[in-house]
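The next part holds the structures, each set out as structure tokens.
Below, subunit A partners subunit B and then partners subunit C, in two separate complexes.
Our next item is the complex of A and B:
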């Protein structure tokens, strides 16, 4: 069984192919599709390679944040000063995906469209309240990332649709952290991951936003408020109580349900504690100002800590 | 990661690095042959070679662990576009008879199942097609009708009795010592080795005994290069290009299979992209040979990564062990009951069972030892050789027990080992004396590297720190045979013909050094020819760390014979006695008359032509005394011993159960390092592989089916799993008959690695683990159990 390979040169042609072929599959960075092809388990009749379509790899600042075209590589999200400036948590999380070879090839759109429950980037996209742009021959629609993951390896991407961009709001002021735990080899799929952002809900309350990966059949988002005067232990307790009913692990060679639940609690506790501790006593309420290029930290200084 | 070389030899090399060439080769860290082309992806592996047009072969594999084959319907497969033919085991059996059952110890494995399947993944039918896609599509269309039989998956259930994987045992005709097993029925135990040393006595007063049950799971080798075999008929000859560590064995096996003279079978290799025992004995070659020969065509079998997991594994092994120390802290008794799970076919399992059984009580002076080691069939993929040849599995037991014994006595585990370790001249429990196996030196080196005597900083919070040590012993495969042919070219370069296969261990580099040494040839002057049975002479196998010693000795002898020939020619030219001629980096020189001639001048004058060659050859054989059938002992059970040690300092995250190795020190007594850099790389590579086995590397089965047989799920150490710091230490106690004192090194540090890690975990959190690997789940479960009030 061989699929036909198409290399359209404009978006219209892509969308026509997605609408007009039997069982099309978008070929983005190819890091997932290539494996499925090699294993002979890909059922698609047509592969639509979107690498030659102009504009899909643009990464630009927007009035409220940034916009990443679907073909922007994970490595660019990890290293680009714009992402470091407007959404440092996002840069940190993209930097934890797989390895540099994969990150240099895999695309932001393909990554979320893959829909795997263990992916890292959705955890940060969830807490940042990103928006997915979906295009089809019928037009463009936008889906909040918090409504994008609809089931086990299922997303909101409909028949004939292509993820064309991610719109990410500027990261609110406050502390942020990402924790990712594997149970076997260090580079293996995680068994638990958590992206956490602590921000001001009002003058006396903080909001803890939590994006969970690998701990349920889909990436999961939850938020909880804690008094600004609370300790890091208070924050951790509140966060654990909030995630507890949402953790629903799938057992496999990496561990049973009990083990993954255990590690999920550690990932959440570690990330919440780090983010809470990282949050200034007085969080500026005004919107974050865009730093001029002169004041941007070189991205190396912002790279993840071990 | 820091590689922190502590070896005296390495320091010496660094010092000599800038010196001018003085005609010295042995002991120098010559650059690895083909390193540059490997890094650039330019090296041609077998599957990269341009061959004559070949049909592709893909096999249909069994979906049942144990079943009778009632019928194979190939009609739909034959209808697939591009499919040329479909061949079953019954078809080949009709043509070739029982010769299609092959194997190095037992002739029990057919290249395509005949009558019965014995594991999930066993080849049932071969689809021959134009192109791999067509072959693959055809293989999916072959319909097999099975009658299921009760399977046996667990090694101890298989020992107890039915169901039986084979109706009767079929030892290979090659081995006389297995003949008594022929035709035995109603057992899954295909081989048993028993060691009895000393008489059992009541433990003296004040003795301490520890005992436990240990388990090492099956693992896979995962070499980067996938197995590949092509075969074609050339008139009345068969030619094979294959990824194999054992070209000489394959030639014999295929000649037996097809009833051909050895001269009619040509087996060729290309540089292997790793192997670790995965590409040995009968893999893809019997099927490729049978199809090419009987169909009079050229075929190629290129397996996928997922299929490679089914071709061979490391033996899972259960060990019930105990050890007793007297009041003075001397080990007085050791007992081990070892069961190797060899899967559906014996492969070399019986050899592993004996060779590893004989060292199951460790490298210690022990008054009384008893070992029972059994090789057991189950309905799983066949297990075969794997770096360490079964010894890491028994070392897991004895090095865990010794550690517990020291702790039970309140003694430092390193000091307790040091008192009991075998020394030069000591006779091991198997009856063979120790030579060039400095266990104490290795132990001292790795503990010194970790600053063992200094107090360890032991945090009491989430992260706990511990240190552990272990030693290992292994016997080299004996008896074996190596040959070498050396051609000295008129221009002073040389061509070395050996059947040792370079698979990344560096044999092409060090064999060139050994050949260069007596002839004072410089780096790059000696080319080693890839194994080709039409050209390169017989060599038993490239495995078991035997090549440096065995092939190395043959190469040294051939090179020394060449030196003697040159001296003879030069003596005639100079008109002096041969005893007055010396060979130097500049050529031959008369110490009496100071006359000089370079090798090119000498050979040009001698033959009267350019481009000529001068040839010498040599062989090297080792002998043994078969072990006594009743006691399992022999005064010469092996040609020599490998000695190694590992020490680890690590932390355990008690929240996640993750182990983080901060510092790993490893040492091996290699006799003499031919190439210190390559020796350190072998010590380090084996240790990193061992870290994987200690912490997460295992094949997981469910009802006989591998559930993690893809690289998405199978766990290997990545750069992030490598210890923060690694200290490889080369220990050199020259072997009296080694080439320049050298012995092999490829397996030495994988042997003690897993227990060194587990002993450090024991030190950190006070928990003894008996089952590998030490996954985060096992560690957290054990910590939870530890906290429960008992």
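Our next item is the complex of A and C:
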């Protein structure tokens, strides 16, 4: 059975199709959907191609960071000056996905909605505390990326919902790094990946934020604090202790549990060491953007309480 | 459902009837552009690469209806004196040649974006193309030489302007 292809021209029509057809599936960049179709494992009755909907491919600056419409391509996130300026870690990580052809086609929304535990972009979105906008016939809601990956191949996207945008706060000052290790080919899916951001928790403490890919049934986030006077070894030790209980690899053709656990530790150690070394001794206390920034609020509150 | 789409293939306007699930790969081959080849069929090898409005795409994962109105470049449509092709030939960068159209188009995309690309940028951009004959070193040499030639041409143009 071939699924019917719909090519609606406005958002309302998309949401009506998602609400009103038997077993709809959004067709974003289509790089994952086409493969599932070829493998004959897709049960959808209706494919809803969202490429013709105006506005979904907008990438714009916001007071607190940037906003990427769901159809912005991974390649644009990798190359656009706005992303380089506001969230260089994010640009770096998008640039490490698959190959340029897939990145030219795949969309930021389809990427996270795909929900695969090995995806690279979630590692950076987690440390940057991005927010996912979901739209449905019932309205709009927002889900923090840290609550988006709910289980193995499962996400917070509900029936009838469309990812419409990602809001990403400006990367806080500090140091950042990404490490991705593959076992079959340089360009293959990772067996372990880690995005790390080091920033000021307060005057004397640094926060190390870690996003892990491929090391558990979902992308995983954890943060740990270390004295600013600590060495890179101190930072690595603290990070490894924090990720240890969270690493829960799935054995497959790319390696067994022991192999992946080991590579996971290497990826975390490499990224933390690089990010720590990249962090200036005195992290300027003021955020880069003076405008109101509600994403950073919880962080500020935390700082005041101390 | 069958619809008629318009493709601008290598500068030539073609009206083509396509079904919703037709792949760009099959449509282009049907039009005689057999330099577009199927390898892996899942986006991982680059044998099926085409440029759509200048951007590389794996045509094995691309639905043709999505490309209505797009300007497509296939390797067989490049001019006889194409700089990248000439450097691939000069470096003897092919054995069977199956993968080469993809590598040539990826090189075109890279050099259009970044004529200053060096080995690191070349490796990063071409890493997702697979050559079963293993002529990678010659391919890299061809790209390095094509980049140099592009830079020299730009320089000469500036001098004479």
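Criterion: the second predicted complex is superposed on the first by the 288 of 306 C-alpha atoms of A that agree within 3 Å, B and C clash if a C-alpha of one lies under 4 Å from a C-alpha of the other, contacts with A are read in each partner's own complex, and residues count from 1 in each chain.
Convention: contacts are C-beta pairs under 8 Å (C-beta built on N, C-alpha and C of every residue); 3 or more make two chains touch, one makes a residue touch a chain.
A quick note: this is a predicted structure, and the numbers were derived from the prediction, not measured.
Once both complexes are superposed via subunit A, do subunit B and subunit C end up clashing or fitting?
Subunit B/subunit C on subunit A - steric clash.
Mind working out whether A:17 is in touch with subunit B, subunit C, both or neither, as first, second, both or neither?
neither
For A:100, is the partner it touches subunit B (first), subunit C (second), both, or none of the two (neither)?
Touch partner of A:100: subunit C, not subunit B.
Quick one: classify A:74 as touching subunit B (first), subunit C (second), both or neither.
neither
Could you tell me if A:30 is touching subunit B, subunit C, both of them or neither one (first, second, both, neither)?
After superposition on chain A, A:30 lies in contact with subunit C alone.
Examine A:256 and indicate which partner it touches, taking first as subunit B and second as subunit C; both and neither are also allowed.
First partner only.
Which partner does A:186 reach: the first (subunit B), the second (subunit C), both, or neither?
both
What is the contact status of A:5 with respect to subunit B (first) and subunit C (second): first, second, both, or neither?
In the superposition, A:5 contacts subunit C only.
Per the contact definition in the header, classify A:38: touching subunit B only (first), subunit C only (second), both, or neither.
After superposition on chain A, A:38 lies in contact with both partners, subunit B and subunit C.
Once the shared chain is lined up, is A:51 touching subunit B (first), subunit C (second), both, or neither of them?
In the superposition, A:51 touches subunit C alone.
Find the residues of subunit A that appear in the contact set with subunit B and again in the contact set with subunit C.
Comparing the two interfaces on subunit A, one with subunit B and one with subunit C, the shared residues are 2, 35, 38, 99, 186-187.
Give every residue of subunit A touching subunit B within the complex, in rising order.
The contact residues of subunit A facing subunit B are 1-2, 35, 38-40, 99, 181, 183-189, 253, 255-256, 259, 262-263, 266, 270.
Show which residues of subunit C lie in contact with subunit A when the two form their complex.
1, 20-21, 23, 41-44, 46, 49, 55-58, 61-63, 65-66, 106, 109, 113, 124-125, 127-129
Which subunit A residues qualify as touching subunit C in the complex?
Those residues of subunit A that touch subunit C are 2, 4-5, 7, 30-31, 34-35, 37-38, 49, 51, 75, 79, 95, 98-102, 104-105, 186-187.
Where on subunit B is subunit A touching in the complex?
By the definition above, subunit B touches subunit A via 133, 136-137, 304, 306, 655-658, 692, 695-696, 700, 707-708, 710, 712-713, 715-718, 720-721, 775-777, 780-781.
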